[in-house]
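Once you've had a glance at the structure underneath, I'll fire off some questions.
Chain IDs A, B and C follow the sequence of writing; residue 1 opens each chain.
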Amino acid sequence: MEVASRLAVKEAIRELKARYFRCMDMRDWAGMRDVFAGDAVMDMREEMVRLVEAGLPVDPDGGLLRGCDAIVAAMSASLSGTVTVHHGHMPEIELQSADEATGIWAMEDIVSLPEGSPCRQLHGYGHYHERYVRDDTGRWYIHSLRLSRLHVTLI
Amino acid sequence: MEVASRLAVKEAIRELKARYFRCMDMRDWAGMRDVFAGDAVMDMREEMVRLVEAGLPVDPDGGLLRGCDAIVAAMSASLSGTVTVHHGHMPEIELQSADEATGIWAMEDIVSLPEGSPCRQLHGYGHYHERYVRDDTGRWYIHSLRLSRLHVTLI
Amino acid sequence: MEVASRLAVKEAIRELKARYFRCMDMRDWAGMRDVFAGDAVMDMREEMVRLVEAGLPVDPDGGLLRGCDAIVAAMSASLSGTVTVHHGHMPEIELQSADEATGIWAMEDIVSLPEGSPCRQLHGYGHYHERYVRDDTGRWYIHSLRLSRLHVTLI
């Protein structure tokens, strides 16, 4: 692939991830559904362990979600009543083929929990480890996403 | 427009916004004036409501500023005596024509207020909604900027 | 240099700096060594003054480190026992020649200190001022790095 095309792929994936963050924090679930491939997998299992420790509700699948509908339904349910801020930083995107890429993103999230929750706020830092796919029309989607943590504070 | 040119526009706008943030936090008001188009509009009205609630001073125009000189004068006045950190993240930039573009940026700001203020610190998160214009020499400027908030803490 | 090549250089330098941050926070010291030129210089002297004030240990060179081995050894020693988060934002990268570039990055860092330290956490904001060089194989390296601070809190 020539230089400009490779750069355009990375730009498209950055913009894809920007939509992920904006749709999350602005509760645009229709927009979020369009971020994920139909058969996408989201692995938040490391996160679930922490939520159990904190006495927060966890989804019945234990944090391993399959399919864009299940992913968006779980996001929408788990963030109900919260105010959230999710920011991504410093991507390292690698093209694996013309239609596949991988990426690592540094991240920070703040989840302000509703009244009556066991904690008031979760404030975390970590990395997203992701895979992207391009469909026949040239659009990119998140195909898999796994969150690992550096540090989380519950107050 | 060809691929490389479109990417170059987005890069130029990212660098424009980087100057906005650096000039803000380093108090480079001459540099900041060069970030805005002469007839730029800055809409901080949502912010003003919050500042009034917190007992902090608000500018007499109610947060809707017209013209680069008025914008920079208001910034310089409102940040006097403070220490600030403004960070931008995850831009979604769209070219509207050869000389116009729009962008959404996630943001975080920390404003440490001077001794004797009703609060010690403002810590906020939100999005900038912006429009950019290119002049005859090929330079890009912010033409309009509106700040919306996800979450603000005053301590 | 043509447009696409200039953009590719900036992308390569962003990815270089992304590795710097990831290797720092994930303690990948072999990866970190590969980020710096052999004769790199890291200037953390402004930081040392603050650490002395806080009663934290400082390196015997006073924060001016010469050579990639000395830089990585000092990082590894000073972060031993800590949990860290380092994020970079809003780069302004300028090509100075085909094989040299400069950059300014906004940054935030959180250093959670081990039990028994005089402070529990350092939370800071500032800018990296950097120079980059490209070797014969086309790889970019950090040649010099200086940290300036906007604001640091020790709690």
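Everything that follows uses one rule, which is that a contact is a pair of C-beta atoms (placed from the backbone, for glycine too) under 8 Å apart; a residue touches a chain by one contact, two chains touch by 3 or more.
Remember, predicted model here, so these are calculated numbers, not experimental data.
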Graph class of chain-chain contacts, one of line, ring, star, complete, other: complete
Copies chain C and chain B - interface residue numbers shared by over half, same or different: different
Mean-CA-position distance for chain C and chain B (Å): 27
Contacts with 2+ other chains: residues of chain C: 4, 7, 89
Residues on chain C engaged by chain B in the complex (per definition of touch): 2-4, 6-7, 10, 89-92, 104, 106, 108, 125, 127, 150-151
Partner chain B, residues of chain A touching it in the complex: 4-5, 7-8, 11, 14-15, 17-19, 21-22, 25-26, 83-85, 87-89, 110, 112
